[in-house]
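First chain A sits with chain B, and in the next complex the same chain sits with chain C.
The block that comes next holds the complex of A and B.
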């Protein structure tokens, strides 16, 4: 069972670990701000409040999509690492190598987009990357794909190190996931939720990244040997198998922060239970086989895959509502909590996840997909659980750690104002996308029809408010992380900014 | 009434219910319960959870049946006998043959692409999507639709296909049965 001390000794960041964690988080929050401003630029341009050339728009969209997915993964990997390292023996070099490969990959991607003019989006759906109609060359596409490959290899490396450490401690991944307790046996009350969640992510996301690597390598071969055509449907299956798992893994890594931190803030223990084990075992399976909901409009796809896509999309609601959200709210209920900035973000994150899954499930229904697919309904639901869900999880941990210097969680008036901006701006921003989807506004379009502009304006206003809050968080968190202590006892230690 | 309106209503209701649940708990969070109250509310929570599980299961089973038993996508064996309209997408235009269609006649759109992936969506004269399928190179997707109202519909590409994606549309004339 997680300790109820707010800042337990075994979580203290010292020396190289602290540098690594700060590198991850400060990079991430800086990237989030920049990429959000890019997002706002696109929204403003759709609203006709700001002019962006068509080719630049798609470059920005490629940058925003790839960058956000990557940064969400980067930051939630740091969340997973932060807690998992208490329970198993992780190697710091693997964590740092992941960072280095991420940055190298990011450079390839940025060069491919802004110098090579790549504009085929983060999903690099074959054969568009190799068919740029003269706007970008195949070599540019190759550079973009190599960048993705580097980032994927970094993640795999980190996961394999974590898998090895978990296996060493728990025997095998199944036992770490808790499958031995599915039907019988007394659950070890000290079995960490962080290990269960991490194991799920390692299993699912490694498969996803491998699928991504296969399609990337196949596409790369196609760049250099254009006569070797790929099957477009197979490539799309692999692409979405990868894409869906990779972005979904971020929420499963991020939620570890809620499992670990929430009971400390409510002061109520948050025990592991059989439904919890069930929910994570089931989610492992669901997240691996749910991706066909991205191919519902590919009628050539075997029908059973499409039906599975719908049934599993619906099933995915059970663990989210009945276990994670219910459990966390039960933990919060009548706890006598004194609200602090991190706990506010934790509860917001669960709301973002639970509410965002509603429009997601609706879209994951074949019948509805016929009228909602590739409308702004889609960015509507995924921004719901990425902006309000995943980012809130990461912000919760970032804020929590900035409090470690004085061992008091942050809770300034400015934080509260920033939080309201984030919440209100965020809701307006995501609801504008959903409202647009309802009106059949297409996604991924540089130019919008006259009648689409009202929701574009609403979205721009929401995003502006949200970003104001986010810029404040970025400054506050960066300073806070740099000032948190590097060595010896935390209490009373004052601002020594960098350590070694 | 469009299907989109139903979906939107369900989504708003569902998201509001979630928000309500959160608000209820948040309002009851700050007051600390003693041991006895806590035990009592844990028991209530267990009951509530069982009920929620039951309700979700009911929605899951009945909803899956309702949305799937009359499967919304036609079987792709190509033996429908309906009036065929062939659709070929390419960067960045559509070939639609024939390009005039009558109301009341069941149409089979046979959709493919010559180059990259495109999306074949039919927008009605009010600008709302009626149905869609993907246009994928190497595959032909068969989409069945019967128009009931004459008018100028729009075929719009819905799968990002490069610079010319947004303007990649095509007017589809639907005339009253008998007429032409």
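The block that comes next holds the complex of A and C.
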């Protein structure tokens, strides 16, 4: 069971581990700020408050989408590593190699976008990347795809190392997921939730990356040998299988922070249960087969896939989300929780997840998708659960770790103001997208009609407030992480107890 | 007879059988059997022959083959050559390429794989197997969509059969590894 000690000894970051963790988190928070400013630039241009050339808009959108998805994965990988290493023997080289490959991939992507003028978005949907119509060359598209491949290889390396460590301890992935307790047997109360969640991510994301590796290499072949025409629908299926799982996995990695940290702030144990095992096992399967909800408007798609997309959309997110929110509320109830910056972010993250999933489920229904498809309803849903859900989970851990120096979780007045900015700005920003979606405003459009502009303006104001909060967090967290550990930590003195 | 010697002899026998003209001509009549039966058997013959490598030589090689990566690299690069339809084609009509096939596939794919496999950890093996599955899917897909015959000696329908078989192989390997990782016993 997760520790109730705020800063347990086995979580201490020392030497190379500390450097690696700081590299991940400081890079991530810096990238988040830069990419948010890019996002704001696009929103301001849609609101006609700031002029951005159309071709530049699509370059910015490609950078923002790819960068945000990658950075969300990078930071939540650090969350998974931070907790999983306590239970199984992870190798630091795999964690660091993932970082290096990520950075190399990022360089390829940045060069492809800002030097090669690539503007076919993060989904690199065949055959768009190779049809730059003179705006970018097919070699640029190849560089962009190679960058994605590098990032995928890095993730796989990390997952395989984690899988090896989990299998060594638990025998196989099924046992790590807890399937032996689905119907019978006494559940080991010490079976870590972090292991269950990580196992799910390893299974789902490895499959997704396999699909991505197939379609990326095939697209690369098409770049150099255009006579090899791919089946566009098959390529789209594989691309979304990869893309959906990759971004979805971030919340399943991020939530480990809630499982591990929440009981420390409430002071109440957060036990593993049969419903918990059931929900994670079910979601492991569902998350793998839910992606067809992205292809509901593809008339050539086999009907059974579309039906599966709808049925599974209604059930995929629910099990884990329900068991997590219900478990967290139970844990919170009459707990006398210590309201510190990390605990605030944890509760916000559950709200972001819970509320963000609702528009997704609505859109995952064929009837609704008919009018919602490719409207700003879609960025409304995913910004909701990414900005207020995933990012809040990551920020919770970042803030928690900055408190490890003094063994006191941060809770300054400035933090509270920053949090309010983040919450209010975030809500205004995502609700503006949803309102625009409700009016059928098309997504991915550089120029907007006159009637669409009010929601663009509202979104821009929300984003500006959110970014102000985020810039403060970035400075605060970077300084907090870089400060050397206190002497008691350096010498390995015992950590404080939950009485704080 | 020692087990290793026996396995080595099986390897040599497999190689000789594959060289026999009737066997060769039977296997080489279709693209699918040349690629999937002949190349696989030649690789296996090399794998078995590797058992004849004396222990002290193995120790020496192991020092240059950390985690089996050097051997894996050699085997992969050689396989890349033999995945080219042009090479398979030429091996039917050009004597030098025929000899190259019968020598390099066992010695530069089978032997290094056998010597490297025990040295590989879970991560390296995982990467190798995942890439093998991905390659089966990619090649299968390519053979199916290729607008023209890639071998002079084989017809396009033969090439498409190979494509389907490759996709099936990818699917079976994928299901097997998936099942093993989820519910099997694995040495890490």
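Heads up, the rule we're going with is that the second predicted complex is superposed on the first by the 482 of 500 C-alpha atoms of A that agree within 3 Å, B and C clash if a C-alpha of one lies under 4 Å from a C-alpha of the other, contacts with A are read in each partner's own complex, and residues count from 1 in each chain.
Here, contacts are C-beta pairs under 8 Å (C-beta built on N, C-alpha and C of every residue); 3 or more make two chains touch, one makes a residue touch a chain.
All values reported here derive from a predicted model rather than from experimental measurement.
> Using the overlay on chain A, decide if chain B and chain C clash or can fit next to each other.
Superposition check on chain A shows chain B and chain C fit without a clash.
> Quick one: is A:321 in contact with chain B, with chain C, with both, or with neither? Answer first, second, both or neither.
first
> Check the residue A:337 against both partner chains and state whether it touches chain B (first), chain C (second), both, or neither.
So A:337 only meets chain B here.
> In the superposed arrangement, does A:464 touch chain B (first), chain C (second), both or neither?
After superposing on A, A:464 lies clear of both chain B and chain C.
> Give one of first, second, both or neither to describe whether A:231 is in contact with chain B, with chain C, with both, or with none.
both
> Quick check on the superposed pair: does A:210 touch chain B, chain C, both, or neither? Answer first, second, both or neither.
In the superposed model, A:210 contacts chain C only, not chain B.
> For A:160, is the partner it touches chain B (first), chain C (second), both, or none of the two (neither)?
The second partner, chain C, only.
> Measure off the angle at the C-alpha centre of chain A toward the C-alpha centres of chain B and chain C in the combined model, and quote it in steps of 10°.
100
> Any idea whether chain B or chain C touches more of chain A?
Tallying touched residues of chain A, the top partner is B.
> A:406 in the overlay: touching chain B, chain C, both, or neither? Say first, second, both or neither.
neither
> Per the contact definition in the header, classify A:168: touching chain B only (first), chain C only (second), both, or neither.
A:168 contacts chain C only, not chain B.
> Superposed on chain A, how close does chain B come to chain C by Cα atoms? Whole Å, please.
Value for chain B versus chain C, nearest C-alpha atoms: 13 Å.
> Between chain B and chain C, which residues of chain A are contacted by each of them?
Comparing the two interfaces on chain A, one with chain B and one with chain C, the shared residues are 231.
> Spell out the part of chain A that touches chain B in their complex, as residue ranges.
Residues in contact with chain B: 54-55, 58, 119-121, 125, 127-128, 131-133, 135, 231-233, 236, 266, 297-300, 303, 306-307, 310-311, 314-315, 317-318, 321-322, 326, 329-330, 332-339, 347, 350-351, 354-355, 358-359, 362, 365-368, 370-375, 434-435, 437-440, 442, 444-449, 451.
> Using the touch definition up top, name the residues of chain B that touch chain A in the complex.
Touch residues, chain B against chain A: 2-5, 7-8, 10-11, 14-15, 18-19, 21-22, 25-26, 28-33, 37-38, 41-42, 45, 49, 52-53, 56, 60, 63-64, 67-68, 71-76, 91, 115-117, 119, 121, 123, 127-134, 136-143, 156, 158-167.
> What part of chain C is in contact with chain A in the complex they form?
Touching chain A from chain C are residues 121-123, 126-127, 130-131, 133-134, 137-138, 141-142, 145-148, 174, 180-186, 188.
> In the complex, go through chain A and note every residue touching chain C.
Result: residues 94, 156-157, 160-161, 163-165, 167-168, 171-174, 203, 206, 210, 213-214, 217-218, 221, 227-231 of chain A touch chain C.
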